[in-house]
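Each in structure tokens, the structures are laid out below.
What follows is subunit A paired twice: with subunit B in the first complex and subunit C in the second.
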Partner chain A sequence: MDAFTNFATGTVTLFSDPLGIALFFGGVIGGMLFGAIPGVSMLTLAAILLPFTAHLSAEHGIMLFSVIYCTGVYGGAITAILFNIPGAPENAPTAFDGYPMTLKGEAGKAVGAAVMCSAIGGTVSAILMMLATEPIAEWAISAFGPPEIFALVFFGLAVAASVGAKTLWKGWLSILAGLMIAVVGLDPVGGIERYDFEMPYLLAGIHFIPTILGFFAVSEIMVQAEKKATGAYKAPKISVDFPSFGELWAHKIAVLRSIIIGFFCGILPGIGATLAAFMGYNEAVRWSKERWEFGKGKLEGVISSETANNAATGAAMIPLLALGLPGGALTAMMVGVFQMHDMEPGPLVFINSADLVWVVFAAMFFANLSILFIGFLETKTIINLLRIPFQFLAPLILMLATVGAYAVRGLVIDVVVMFVAGVAGFFLRRTGYSVAGIVLGLILGKIGEQTFAQAMQMLHYEWTGYFSRPIGLSLLIAGLLTLGASAYRAFFAEPEPEGPPEDAKTT
Partner chain B sequence: MKLMNYFAGAATAIAALAVAGGTAWAACATDDLPGKRDKAGDYPARALTMIVPYGPAGGSGQVAQAMAQAVSDLTGVSINRDHKPGGSGTVGMTSYMATPPDGYTVMEHIDDASSAHALDSTRPNPASDLIPLVTSQITFSQIYIRKNEDRFTDWKSFVTWVKAQDGKATIANVSKEGSMERVTMKFITDATGMKIQQISFDKGAPRYGALAGGQVDALFEQPGDVRKFLDAGRFKPILTILKERPAAFADVPSIKDEGMNFEPLFRFRGFYVKKGAPADRVEWLQWAFQKAFCTEGYQKYNESKFMNLIDSYRDTKGSQELITSTVAQYREVYKSMGLEVK
Partner chain C sequence: MGNLKTGHLVEAGLWLLLALVLFIFSFEFNKPIEIYKFGASGWPRAIILMIVLAALGQLAWHWKRGEGGATSKLNAAADDSVEAPEDHSSLNWYAHTFAMVAIPFIYLRVPDFLGGMMGLPPDGLGTIKLLTAFPLMALFGWMAYRNQVGGMLALPIFFGALLEDMGFYALAPVFAMCVMYLMGERRIGWMAGVAAGVFGILLFMFVKLLYVGLPTGNIHPFYDFGTWIVTILQ
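Right, the complex of A and B next:
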């Protein structure tokens, strides 16, 4: 077992010097903390640390970033569950069911599931990464071009229309609203200015992070404030009951499915953990026999989203290390760390610095494992944040969300977008539209528009070109079938059982 | 072909770009500047802010980091980078124009600012609305194919193959209307008579992945950005878009070798301060940024990015000439392409 020997060597290197150990645990805790505090994220921490990595060895620098990556993706789940504020966009689907669980007094169960599933998803992903980085990377870039990515986005949108909205029509209208917001700014092909209303700041488009903060955090505060004013407010019950082994085992299929989806999304350059989490969640809804339960506090929703986003972490390292293609912002910063040590990630890394690669692999493996242990300890303490009375907590959340919205690009317009989205979300949620659908339409719309244009150029504006691309064609057909099935249900089938009465709904 | 004629007069400073030997400078451009300089009164009394109109990971983000580090090491004044990406550099420029001209905020920008002004003269002119402190990177473009490609192996066989595909061959680039990439591709297709489908990728990673994974047939890029793929033997340049061959690419034909007669366009990145900043502060900044260019750290960075193959340095006056001639050149091209020049 060559891989095993390499892994053992990497582990020994990682834990054989005190600085390495200190950095490892510093990264684990730092990633979790920055991931959990809304307004700052693991990206903030990584940006602060980037210049300092010049003074570390290359092994330590890269290892630190990969550890922050793993634990940061998990950390954002905590605030998503406790306060409906996703610490990062990849935790947004976690809030769909995690926050309703908190309102039902099941915060401990939701956070516990997030801990377990992040650890499982991340660890499996790390193992797959160790076994097959190079072949997987080569396969991904040759099998998945723009036509396939567009087909994947189309499929994702077709599934998403059935998530979180009261009716199919409202689901589609929500998605389409998101797609419309996504076209604000320069078009991705000719650079044509669209819907900018002569405002240069709108040229950069509407960013999804302030939109998420508005739809989730700001509108939630308004909902709670209204309840407070009308006397209907009830503080969430505190519970630190963890999910039992039996409860988790019952979701083994969901975990497995999310690992596959998350890993798969993670290896596509430029797609990454956010799409992974949304797709993981969507698929859970689609395959469920109790789809109406989603969005109302279903454990499976938290499990699917958190497994998928952590499964994307190991996968995202594959194109980075094997090909030098970063999939997202944090992996792009890792390129910076490599360069500070006169290295370029890419095919040569495996030849020239195999030791380093295995230290990274070992670090990611153990970072995911440590989520399990440190996560349990952390959870017992952090849930007590729910004891803070609403009138003190709400301004704090608003302040952090404002900072977070501004920090994305340093633009005041993002803060305006956040508050507009907050007010809009407040009313949309009352009328049965899905704010999650809007956010997904916005995120996937940007990727989808660009890849659609690229795909059409590649196929010479003939959609029949898809017949020569079996993977893309299969995804398109799957999307069409999903559309057809949901239309059939909307028109002909018996209405689905609605579950609990509407007033118990939270989203 | 009539496009080419526009350049008889337009190419002044650009034509003078010398092709260097391909090794690091024996003597750096600003060696004669003093190594230390007193502050301008109490300026700078605090950290500077550098607006970067692109994200931290791309070429601009990296050069901004390298230059900020070099200036800080030289002067002890720290520089906070403030990334404002979006709108092909428009957002960063707009934000910068709204800052007070007190010398505490500087900006990184690239040739996109010049082409944007050429297309629409209401956009700031980097040569006159701003004061260039230094242009620290000037580079040329190349056309790349996969090293293991067997349908064609060099520029000549590539052109023959592309022609046989009847417009169905593809090349990845950043094909925003009026961009340096799109204009250069027009020069090339006009000169060779080939038709090729350009596919636009605005981010580097998917663009390089598209060539490596066989999604496109060729790639338009600058050598520093794909160096790792060249070193790893995955990509191979088949055309250098320069009139002379740089020594580092001695076996790659230039446009002149292949019988194309147009003035090549360059990608350049530099640093600016707003016009109206106090003169003594501007002088201090000019000294700091120009001297920082020659620090060992910055030179090493430029070398790693193939920025030592042609003369990559311009001082304030040289930058103004470079920008002015670039704007004139783009404006002529835009008119000949039928674009509306405001």
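Right, the complex of A and C next:
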């Protein structure tokens, strides 16, 4: 059977079963809602629902999680834009320009662009996923081993160091701080305790969900509290003017570029949508003729980030289903759903459970399409949250964040970690460090160390082994060049102006 | 000294001190792993070395450029930093604020330490915790009244520190009202109404609908109050 026939069969199976339909729409709305409520995220919903999937069939359970994944990644953009609180790490770059747009009174435009681009990125990714899962899985199996994944992590971190902080040095220090936080807990090779200070909690490492909530949600509330106390607070302006077709069409190249970046980053296990979003944003800045406008409320920043992270959702299913390797927290929970039904994701799923695979593919395709329709309706209502005075919204966000941090593992200490991260984020942002960089370092640190150890063992501790692995070598060289160029620029080049050059002003 | 300021030296000193502390602690797990040449400490020590290099690089950069601006358009583009207001960047303000942030950690450590010294059973430890919590709360309130922004920074950590013992159900409404007060709200009716509304929404959504188990606390009467609410809702 070809892909189209399989897709048609999957669609019919999905929509001919009342429970399947209910779960599909429940997942679509739940993912969007939890993604869009400040303080909680799609991961909170997924963590809450995980035990209940034991009562569902494997098909329904996996389908529900894949739908939540698609719509939750979009939903996280709403809080990133409206409150500078990314619903998930992959929405962090969306806040860079989305939140300044809200402050300028262009929230509707930013959210509208996020709706459109999430739907486009996700739908194209779902189509590509259906057409290319098998050939790409075969290629990825042979071409991407631990040395390549480590090289990609290295390249991603080298690129990300240049985003979010006041200077490159602060960008690097932010990422290194994140990498160091990721070291806490058991080492990935020998299981030896590191920096646990004899606290059992720290053995499991510092979870990234409380850290993200702290660095973004809590620190933002503290920043706003200080502004209120000093009289510098400005209420965000409300608007529901969505971007025109012409405005979106003008960014077609950015959309296309982000789809490609998002899809290829999403394929890689363990990295997924977060790196996709950062790289999508970074490339948009790099290729733009108006780079100085990024970070001040440029529509292209939101478009690039949101297209890339949703384009990664379809691609992230490829390593999960083809190799059994999760690309992030939510896909890791999907592995849990498989295991609850005595199944292991991997190449055999395509043979033993082809029906399941195609129902999931169809569900993801329609979930991305539904973002377009339900997303616009939801946005019109959610944007009104901005009308609530911030002193009333703040306790709600803080308490939701408390529930979100606690629900991940049922540990109160996660709540304390979140609030400590909030205070740290407050002071780090004052001194020009990048909280997004710390979070990226924390997320990529574990997989970076693990793949480095595996790569060194595979290459017999000889870096020259990379010469026989062209993809890994290219990524390492690209990372080194990025680091070298930024170090050169940091020391020898004149600081670049933050405004437009004179010739740009006159044209 | 080039363009260096005291702040630059302090910043570099803090990073180097952090690196030194982390390096010293790395000896605790500097154990060989049979299948991996670099052992458990190889990766963290490489990061520590890079932290030292980046901190020194930043110091050299400040020496050459002073405060300077963004080193690239990419940095300028996504700089999410915030400016500190003048009256909130004095040494006094920092000392006062960090003293407030330390209060929750005193609560997390002191009762256990005292209980251990006195060899108290769990029930007795609860009493020690209560006896420690209330004076600390009073001290916190007094300090927060004088420094509201510092209070806003430390309050959530204090809430988190008390959560295990006093539970979400008893603390959340009080916490919500304190947040509103520290953010400048003074209308008692509004504060009580919003706190009740927020608390009600959370209980309905998470406890009633989704059966999420929130911390009930483990000290009487907070534990009894928490379990009473859960019993009513579920």
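Basically, the second predicted complex is superposed on the first by the 388 of 507 C-alpha atoms of A that agree within 3 Å, B and C clash if a C-alpha of one lies under 4 Å from a C-alpha of the other, contacts with A are read in each partner's own complex, and residues count from 1 in each chain.
One rule holds in what follows: contacts are C-beta pairs under 8 Å (C-beta built on N, C-alpha and C of every residue); 3 or more make two chains touch, one makes a residue touch a chain.
Predicted model only: the values in this text are computed from it and were never measured.
Contacts of A:457 after superposition on the shared chain: both subunit B and subunit C are touched.
In the superposed pair of complexes, A:190 makes contact with subunit B and with subunit C alike. In the overlay built on the shared chain, the residue A:474 is in contact with neither subunit B nor subunit C. In the superposition on chain A, contact of A:436 is made with subunit C only, not with subunit B. Looking at the shared chain after the overlay, A:11 reaches neither subunit B nor subunit C. With both structures placed on the common chain, the touch criterion links A:410 to subunit B and to subunit C. When both complexes are overlaid on chain A, the residue A:281 reaches subunit C alone and has no touch with subunit B. Applying the stated contact rule after C-alpha superposition, one finds that A:172 touches subunit C and leaves subunit B untouched. Ranked by how many residues of subunit A each touches, subunit B and subunit C are led by C. Comparing which residues of subunit A touch subunit B with which touch subunit C, the overlap comprises 189-190, 192, 410, 453, 457. Residues 11, 15, 22, 25-26, 29, 31, 33-41, 43-44, 47-48, 50-51, 54-55, 57-58, 60-61, 64-65, 68-85, 87-88, 101, 104, 108, 148-149, 152-154, 156-157, 159-161, 163-164, 168, 172, 175-177, 179-180, 182-185, 190, 194-195, 198-199, 201-202, 206, 210, 212-215 of subunit C touch subunit A in their complex.
By the touch criterion stated above, subunit B contacts subunit A in their complex at residues 55-57, 62, 65, 69, 82-88, 90-91, 94-95, 167-168, 170, 175-179, 197-203, 205-206, 208-210, 212-216, 227-229, 231-232, 234, 304.
Interface residues of subunit A facing subunit B in the complex, by the touch rule stated above, are 47, 51, 138, 140-146, 185-186, 188-192, 200-201, 203-205, 269-270, 319, 323-327, 329, 332-333, 335-336, 339, 342, 344-348, 409-411, 450, 453-454, 457-458, 460. Within the complex formed with subunit C, the subunit A residues making contact are 48, 93, 95-96, 162-173, 176-177, 179-180, 183, 187, 189-190, 192-195, 218, 221-226, 228-230, 232, 281-282, 285-286, 291-295, 301, 390-392, 394-396, 398-400, 402-403, 406-407, 410, 412, 415-416, 418-420, 422-423, 426, 429-436, 449, 452-453, 456-457, 461, 486-487, 489-491, 493, 495-496, 498.
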